[in-house]
Each structure stands twice: as structure tokens, then as C-alpha cells.
Amino acid sequence: MTAGRKIGRPILEIDGVSLAFGGVVALQGVSFDVREHEIRAIIGPNGAGKSSMLNVINGVYHPQQGTVAFKGRRRHRVDPHEAARQGIARTFQNIALFRGMTVLDNIMTGRNLKMKSSFLQQALYWGPAKREELEHRAKVEEVIDFLEIQHIRKTPVGRLPYGLQKRVELARALAAEPELLLLDEPMAGMNLEEKQDMSRFVLDVNDQMGTSIVLIEHDMSVVMDLSDRVVVLDYGRKIADGTPDEVRNNRGVIDAYLGVAH
Amino acid sequence: MLYREAGQFKTTYAADQQLFPIRQDRIGIAILLAVVFVGVPLAAETPAIAGAIDFNYWFSGVLVPFLIFSLAALGLNILTGYAGQLSLGTAAFMAVGAFAAYNFELRVPGMPTLASFILAGVVAALIGIVFGLPSLRIKGFYLAVATLAAQFFVVWALTKFGWLSNYSSSGVITAQKLVVFGYAVDTPVKRYLLVLAIVSVMALAAKNMVRSSIGRAWMAVRDMDVAAEVVGIPMMKTKLLAFAISSFYCGVAGALYAFAYLGTVEPAGFELDLSFRILFMIIVGGVGSILGSFLGAAFIVLLPIFMDLSAASIERSFGFALPAGLVSNLTLILFGALIIFFLVVEPLGLARLWQIAKEKLRLWPFPH
Amino acid sequence: MLIGGLLAGVMYSLVALGFVLIYKASGVFNFAQGAMVFFAALTTVGFISMGAPFWLAVALALLAMVALAFFTERVVLRPLVNQPQITLFMATIGLAFFIEGIAQLTWGAQVHALDLGIADEPIEWLMRNTGMNISKFDLVASGIAAALVAVLAVFFNKTRTGRALRAVADDHQAALAVGISLQRIWVIVWIVAGFVALVTGLLWGARNGVQFALTFLALKALPVLILGGFESIAGAVVGGLIVGASEKLAEVYIGPHVGGGIESWFPYVLALAFLLVRPEGLFGERRIDRV
Amino acid sequence: MHIAGFCLNCPESPDTVMTDLREIGPTYYFGPPRVYESILTQVMIRIEDAGWIKRRLFHGFMAVAKRVGIGILEGKPGIPAKDRLLYRLGEILVYGPLKNVLGMSRIRVAYTGGEAIGPDLFDFYRSIGINLKQLYGMTETCVTVCMHASGDVKLETVGPPMPGVEVRIADSGEVLVRSPGLMKEYHKRPDATREAIDAEGFFHTGDAGYFDSGGHLKIIDRAKDVGRLADGSLFAPKYLENKLKFFPYIKEAVCFGQGRDKVCAFINIDMAASGNWAERRNLPYTGYADLASQRAVLDLIRECVEKANRDLAQDSTLAHSQIRRFLVLHKELEADDGELTRTRKVRRRHIADKYAVLVDALYSDRPSCFVETQMRFEDGRTGMVSADLQIVEAKTFGAAAARKAA
């Protein structure tokens, strides 16, 4: 833990969230909170509802019950782009980049919600529109430097190897300067070196930008090293919540991972 | 090989974001503009050259329709190529533009031609928004069906509501005279210059939009709509804006089609077949490319002309008449085959081929 | 009037059936189905005009449809496998142009009459007793359509090939994994669709003459599919009937108020309205987008 | 002496050096031979991937450049008009674009130094019109001691001393330097300073060299490394190694011969170039060790060695240093394993000790030798690798025969 980092008050509060698709229950009465500057991990076996949880937080899914409060604003239903506007950004389990665009353009989309000029100004590429493009380009370049992807700036993302695509996706999320960053398995499918790089970036983001992070990850050593607190889900229910050490020694968690029948 | 870029360094983001960052491209485009705006009209005015080439035919029969179709293809490309919403109703929006411009001229005394064109585009944009509304719930060819509805509905409405065509029989309208800033545009070369100017400005505007935040929003929606929403792109605004701007372009193209090309049009002239032709233009030219709209339009406009000329020369040199309909059927087959060919071999069309050639020249003598 | 609409609907159903078959097995929305109808009918008429007996002409036309199926699989489907649906859709638009061009190049563009030997006149008995205006031809056509639907249903549910087709429709990868050859399936399904197109073409051709307008049938089938769902044979039938009936009814009850001729767009608006309420169609399967 | 202002550019990140280079298009370029070499290797590999038309075009015009390019650069008279025309065409089709892609088209003067540069490498750049020159110098002398003047460039020398710099050759062959720019002392290391700068104020460079007839200094090797073969003829291992390393397929070479009757060598193949070569011939391989042991690859390397021998045969002082026997090592020499310095120079003595068994085998007449070595993997673990290495005999040339062959 870095000395300068101070974990603050809760920034996100999940309260009794339940979600079902047709008859299939994905989440059942899940509650937990995420504090400012905190790295919060969600773990659990496959199908435990981890990704569904992220999708509820940023409004891709609307829960049937329960509320999500972000920065003290409680809500039942929010659309993804509103969530983004409020300061929530995320990456996806299966990379969700815009494949027809370059790395630079992909990251620039992360700043779209901060752009104000009208389409007429943009059509003329004059005055505010041009100024805005350049200002945001400068911001995006900071992110590019931060994640060390200068060499692929103008490459179409479809041509990049998997590991770099993951990094570009993170860059796109960071470009929005989010207060809360949701990372859905950021290290899935990476080799050791790439995982170390990505872990360093995650820590740096948390440390230098003060971003709160919710992280889904299967690699336990990564989870235990990075996170401040861990939520454990199993079959859509929360079965444990606490520091990595507490969770590691929790009977229920061990059972869930070993597949003991309920 | 031609692209000697070493030493063309940029010291500002503005320089890096400019329209043509490579000096050679800037020179090339300047030459092109000089040729089409000054060179070609001057040549047409030069008796020695004008005697050898039938410029009136070239302007009215080739260049003007090419430019107008380029504009329509540009409109469709904004919607389909950039925003990813397939439309089969392009011709309908052109029809709206043509009839709207006609009515503005007819019913508003002293209406300047250019203003009526812009208003025609706006009307087309509004109609476009209406038919774009279903895109908020449906995608892919379901949406294509919605645009087909637009296609049939608009043509039907223009035929049925006599007021729109000033109660002429079967909806035929004759476009008013073109007067721009008090200056009569009454010769082929003047019409050519007017259309060229409008198309150039609108192409530039389109290029500017697709390289700004609105263009990125369109492409994001096209490439992965869920992710687009998640990064904060409002789906409804983005899609409807694509429909509106696309229809605006098609509307202006339609107005030009009536005013600067045919002079007399009827609703039946804006049938589904025309929509398909414009769709073919962007498939052949390049989906998601401004340049592709022009290349595709050139190809689809020139191909039948080329086929006719070849047939005529075959008939002349061999002295027999080809069966009626042969050329048009061959053209049909060729169009079909080309579409399949491009979709299979080069889904990004001629523009992509041009891009590859350019890449090769930039890397010469290396292959990659 | 309603009955007449329903009978027209039967025809729409037949075209839609061709769409559904291909969509089910390959996920391709085959815009060229209308062109295939035209091509099949024109080929039959062409052979008849060359002096071939009716059944021989039909057999030859069927042969042509088989050749077309092989051609399509090789040239369009195989190279475009795994491409987005919309790309395949556009490719079939190209295919439609191609087929239309070939058909007219081979057989000429003029309208041909086709006589199936079934009188297209009202059945007097029905006319007298119930006042319904139903022709013998319509009745036969409906019968044939019904028989075709029944045969296809049996084909899909009972035969090995039919089951393979459904497997392919459900999951391409899985089908490949259990050793079903996609290419073979595609050829088969296009042949069956070609057969359906032939039947449709003959019936419509006999009614209205074999002409280029047959290709527009494809456009009519679109709203049918939206109503019925892209993957359901039953849906195609029901959708066809709804479209046929509603466009006639709309023409009668709404048409006069707006100047008539609304048949051309009414089914689309109907389908569109329907889409907004139930995007997956009457019998379609609901899909959940997963992220 | 003159004073000039210039703009200094730094690359954005290690991965963008080549693209940044191209964008900036520097006018002054200084790099050790290694940099020039890796650029040339890249060029050759990328050209081999091109279609046959481009390849033919490239090789054809490179032959023209080789023939007349340097002469044209130096403004020599007597070049036929036809060749000048061909060269100009080549400038349009090949050299110009090539320099452009490499970011070298604006170079007014390029320097190399720090190590001897392979003559072929040197010629390549000069022949395509890049005014590449050598300089000799080191930190202690405030860099420049000798440098080529434009128009007076000789392949194997580093040019005449700069004005104001005195250069003297010691009896041992060591180069001594005295100049106003010389350092005063090593910081807080008077003993080291005393060792380096003698009473007369001459700095002992530790390099061996001599002046040629034109007054140019010629550096052969580090003074301590220059030795003699058993027959008393001069043996400059680094000179030989550099010669071998010029071949794109050879990444590193280590030559032995001090006090021996003949010269033998260890060779490391260049994985990128040789791998590419193998792939184009459909030779399957699993990794470095596998590729390095293949007969076809050994033959390829033998041809390279023999070509080097042919060149050596022409130099009367070094004709005896032709390489008789060599082997291709089963692993790449690594700084991690202590085989290279961190600046990637071979540690010859350490290698000779570590692979003593191989050296012995080279100087016996055994056709192969078994070896087992500890190596460090990338993740920090260590393990043993073993291989049965084949020893290859290379042809040598008599001085006269070589002249005839050439």
C-alpha cells in the first residue's frame, strides 16, 4: 500500500440488488460498498454473477430489486451513458473495442462525453470544435504515455495482439477520467509478464489518479496482491466480504471454490 | 515511392490532426481542385479543345450525375458506413429533397435557390429522423425493412398527394430555373460548377464530422453499440443525428438531381432501384469512406455508359445489331457480380484498394 | 374480400417459406428469393415455349435451381462464412441482380403467360351458396401451399437431414463439431428453397403472368417474415395470411380516405409497428444480449 | 572550427524509435556500428519478404550503387554517363525511398565510431548516398580524436587527427593522445589517472593501431587483445569477429588463435535473419538450438565464413588469420550468463574458459563435440542445456588464389 493513498468514504453503495433473466436468477440480494480510492475485488466461481454485478453498477442491466447509490445518489434505473457521465468507466471481459477505428480514435471516444461542440461546428471544424478536439487530444496523449502505447497510436485496434488490446481498452476507460473504474477480468488470457504490467498499471491508476476500482479477476494471487477488500459471490449471493486475508480463511469461500454442495 | 515523408515532423496536435497530414497529399488535392474547378471549365471554353470533346455531354451526362450521386452516396455512407445502420430508402430521401425544394421555390416568393436546397435538406432530415426512430429498437435488416417502408411510403405519398406536385398528372414536376446570387445557372458548365461547389463543401463538412467526436460516436455505435453506451455515447441522439445528417445529404442530392441534372422528375423516378444503385456505390466504393463514396459513384455511373459505348462500337465495327436489352441485362449481371466480388474479396471497396496502394508507396521498397 | 386477401397471403407465405428455410439453416437473409421465384418460373416457361412438355420443363427448371444452389454455395456463402449477417444480406442483393440479369438474358424480358390447366374462375357452387368469390385456382394453390408446408414440416422433424439442418441453425460451431458438413447443408437448403421458389413461381406466374414483377415478391415477404419471425415455418404461414388479409382490408377500409394504393406500404408500416412491440416476431426466439 | 546551433530530438519511447526517426528526418546522425548493422539487417530481411519484382529491382540497383555509388558520392571523375543515369534512376526507385523509409533522407553527415565497422556495411551506406564517416574518440578525450573529412574517407581507418590533437603510437602499438580537450583526471581516482595519463601528458587509449601512408589512423583492436599466432603473424580477434558479424545470418562470433597454429571460431546465428531464411525454405525448426544444429544452416554459415576468408587472404598481414574450423553454439551468448558485457561486447576470455571443452575440440580433429551448459531462462530460473555440436571445416585461400578468385 502506498503511503499517500487514503481510503475515504463509500463512493458506491450496492443495497439488496437482485437480478433475474426470465427464470434464471443472476443476483440475489447482494449488498456491499466501495470506498474512495479503494481497490475492491469481486471473486467467485464461474457463473457466480460477477459480470452481472458490474453490468448492474453501470446500468447495462437493470436490477428487479435493490438500489445502487453512486456518490450518494441513489437510483433504481440508470442508462449506461448516464452512468458514464456520472463518472463510471469500465472494461469488458471479452474486449469491446471499436474494431474499425484506430487506437487513438478508440481512446478519444472515452472523452466524447466531455465534448460539447455541436455537429455544425464540427462540420466546419472551426472555433470551439477544433479547440476542443486539440484539448482532448492532449488529454488522451497523457493516457497514451501513461499506459506506454505510443507506438500503436495510429494502428487499427483489430490488428493488435490481445494483450495490447486489453491495454487500449483500459486507456479508453481512463480517458474519461472516471471516479470509479470497473475492470472485468483485465488479466484474463495474459502471460505472466503481461499480468505484471497490467497489475502495475492498475495500481498506478489507483495511486496516481485516485480512482476507485472494482475488479473481477480469476487469478487469486493478483486479487490478493492488489485489492484492499474482496467480495465473494456464489450462485448470485454474497458469501463473504472482507480483507484478502479474511476472505482467504473463510470456510464458505473455501467450500464454494472446492465445490462443496450447499 | 512518391511519398517521401521523412522530415515532415509535426510540432503541434493541430498539425497532426489536419485533414491531410502528408505534404504530398496536400499537393495532390490542391492540384485536383485546381483541375476540376479551373482546368476543366477553362478547357471547355477553349475552342480548340471544346471542338474535339463534346463537353456539354460530359458535363450534363457524366460529371453532373456523378457528382450528385457522389453526394447521395456520401449521405448513405454516413448512415450505413459510419453509423452502421443499413438503409434501403436513400431514393426516398432524395425524392423528399427534390419535391421539398420544388415546393419552397413554388410557394415562397423570392426564395433563393440555395436556401431552398438547404431547407429541402432540412425537410429530408426531419423525415429521416421519423423513419430513423425504429432504429432505436431494431437493428440489422429489421432496420432495413423500416427504411423500405420509408421508400414505399414516400413514393406513394408523393404520387397521391397532388399538392406536393402542384397537382400535375402522376406527380411529375418541372424544376424551376436555377438562380444563384442573382446569377442564372443556365449552361452545362455553370451547372457543373454549382454542383461541384456544393458537393465539395458538403464532402469537406462530412470529412470534418467523421473525424470529430460525432463521427467517432457513429463509428462506436457501428462497431459495438453496447460498449458505445458504456463509454457515454447516447444511443438515441447519435443514431438520430446519423439519420438526420444522412437524409440531409440525400435531400440536397435529390434537389440537385431535379434542379441541376434532370429538370423534370416524378416520384416513380425515385424507386427502390435507385436506392439499390446508391447502396452499390458505397459497397463498391468503400463502406465507411468519404473517398469511397466518390469512387463508387464514379464506378456505378460510368459502368453503364462504358457498356453502352462498347456495345455501340461493337455494333458499328461488326455491323450487326445486338439484341435489345442485352446491354442492360449484362449491366445487371455485372452489378450483381461486382457486389458479390467486392463483398468477398475487398469488403472495404475501392477506397481500401487505394489505401493499400498508398501504404505500399509510403513503404516502398519494403512490402510492410 | 377477406378471403381473397387470405389467398394472396398464401402466396406471400410460400415466398416467406423460402426465406425461412434459408435463414434457419444458414442465418442468411436471402434477398434473392424473389429473383429465384422469377428465375424458376421464367425457366419453366422458357422450356415450354421451346416445345418441352410441362413436366419436363418443370424438371429442367428444378435442375437449374439445383445448379443455382451449388453456384451460390460456392461463390457467395462459402467465401463469406463468418461474416456479419448484414454483409451476407447485401451479397444476396447482388445475387438477386445477378440472377435477374441471367434470367432475362437467357429468356428475354417480355411477359410470358403460363397455363397450368386450372381454371382461374370462381367456383360457382360456392358463389351461389355462400356469396364467396373463390376461384378453383386459388383453392388448388392453397392446397399446394398447405401440402408443401406439411412436407417441409415432416422433412425438418423426421428426417436425418432435416435434423441436421436444425442443428446447424442452432449452432454452427456445434454442428461442425459433430461432423455435419456446413457446405452440404447449405446446398441442400438452397435446393429446397429453389424448389419452393419454383412452386411459388408457377402459381404466381399462372395467376399474373411470368414477369419481372415477380422479383418484388421478395419485398412483400419481408413484412411477412417480421410478423412471423425469421425462424418459424408456422410463422411464415401465419404472417403471410396476416399480411395478405390486412393489406386488402386496409385498402378497402383505409385506402379510400387517403387516395388508395396503400397496399404498397401498408404491410411495412404494420410490420414496423409490430417490430416496436415485439422485435422477435410472433414465433421468433427471444435473444438476450450478453456482455 | 565553427559553431552551429541544432535541434535535439528524443524518441517518444523505445518502441517508436524507427517511426520517430522517419518523422524527424535528422540531418546529423551518430551511432555505433551496431545500430547501422541492425538497420541494414532489417532492410535485408524486409526486402526478402517483398515480391520478386521489387526484390529484383532492389538488388539490381544495389549492384549499381555498389559499383559507382561511392564514386558519385565523392565526386570522382571518370564515371560513365550510363552508370550515372542508372544511379539517378536508382535514386528515384530505390535509394531515395529507402533512405526515406529509414528516416535518413535529410542526413547531411553521419558518423560512426566506438568499434570497427564492417567494410561492406560502411560501403552500403556510402553507396546509397549517405555521407557516412568514421570518427575515433572516447569520453576521456572529450570524444573526438580523429575523424574523416568529407572526400577523404577510407574504409578501414578512422581518419587523420583533428587539428590541435596530437596522436602518437607507442612501441607496443598502443595509441596515445594529447589534446586540449583531454580530461584532467578521473574523479577522485588519482591512481587510475596516473595509469592513464603519462608524464608527458599523453593519454593511453588502450587501443592498438598505426598510421597509414595517408596519415590516417587505423585501429585494429584493443591493445591487450591483439596477439600473435604460433607462427608469429598478427592475430586481431575482434577484427575477424567484426568481419563475420557483418553477415546478416551471424549475430556474434568469438575467434580463438592466440599462440595457436590456426584460427577457429564460435558462431551465434542471428535468429531473425536465419529464421526468416529457413522459413522461406520451408525448413521447420523449434527454436534456436534446433535451428543452429541444422545441416542447411551450418552450410549457410560455412559459406559466410569462406567469403570472409577470401577477403582476409587479400590482406598480407592478416592472411594467416583465415578461419579453419568453426562451430555454431547451441545457445545465444547472453549478458545474463556473463558471456557478453552489458553493452553486448563478447567476453572472449570468459567464454574460452566456460567452453574450454569446445575450444579443445576445435583444435583437435574431432568432427563433433558434446557440451552441457547452465543457462538462465527469462523468468530467472536456471537450467541445463546440452547438445552435440558439429564442427565445420571451412575452406581457406592462398593469397594468390584469392586474388585470382576475386
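In order of appearance the chains are A, B, C and D, and numbering begins at 1 in each one.
Here is the rule we use: contacts are C-beta pairs under 8 Å (C-beta built on N, C-alpha and C of every residue); 3 or more make two chains touch, one makes a residue touch a chain.
Bear in mind that the values here come from a model prediction, so they are computed numbers and not experimental data.
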TODO: In contact with chain A and with chain C at once: which chains are those? Just list them.
DONE: B
Open item on the list: I want to compare two interfaces, A-B and A-D. Which one has more contacting C-beta pairs?
Closed with: A-B
Open item on the list: Need the most distant chain from chain B, centre defined as the mean of C-alpha atoms.
Closed with: D
Task: Whole-Å gap separating chain A and chain B, where each centre is the average of the chain's CA atoms - done: 41
Task: Intercentroid distance (Cα basis), chain D paired with chain C, Å - done: 74
Task: Centroid distance [mean C-alpha coordinates] between chain D and chain A, Å - done: 51
- [ ] Please report how many Å separate the Cα centroid of chain B from that of chain D, as a whole number.
- [x] 59
- [ ] Quick one: which residues in chain C touch 2 or more of the other chains?
- [x] 291
Open item on the list: For chain A, give me the residues that contact two or more of the other chains.
Closed with: 60, 92, 96
TODO: Send over the residues of chain B in touch with two or more other chains.
DONE: 226
Task: Sites on chain C touched by chain B in the complex - done: 29, 75-76, 79-80, 83, 85-87, 89-91, 93-102, 104-105, 108-109, 219, 222-223, 226, 258-262, 264-265, 268-269, 271-272, 275-276, 279, 289, 291
Open item on the list: Which stretch or stretches of chain D touch chain A in the complex?
Closed with: 12-13, 15-16, 19, 379
- [ ] Using the touch definition up top, name the residues of chain A that touch chain D in the complex.
- [x] 148, 150-151, 192
Task: Residues of chain A touching chain B in the complex - done: 58, 60, 79-81, 83-85, 89-90, 92, 96-101, 105, 108-113, 115, 117, 119, 122-125, 129-130, 132-134, 137-138, 141, 172-173, 176
Open item on the list: Under the definition above, what is the set of chain B residues touching chain D in their complex?
Closed with: 1, 3-10, 363-368
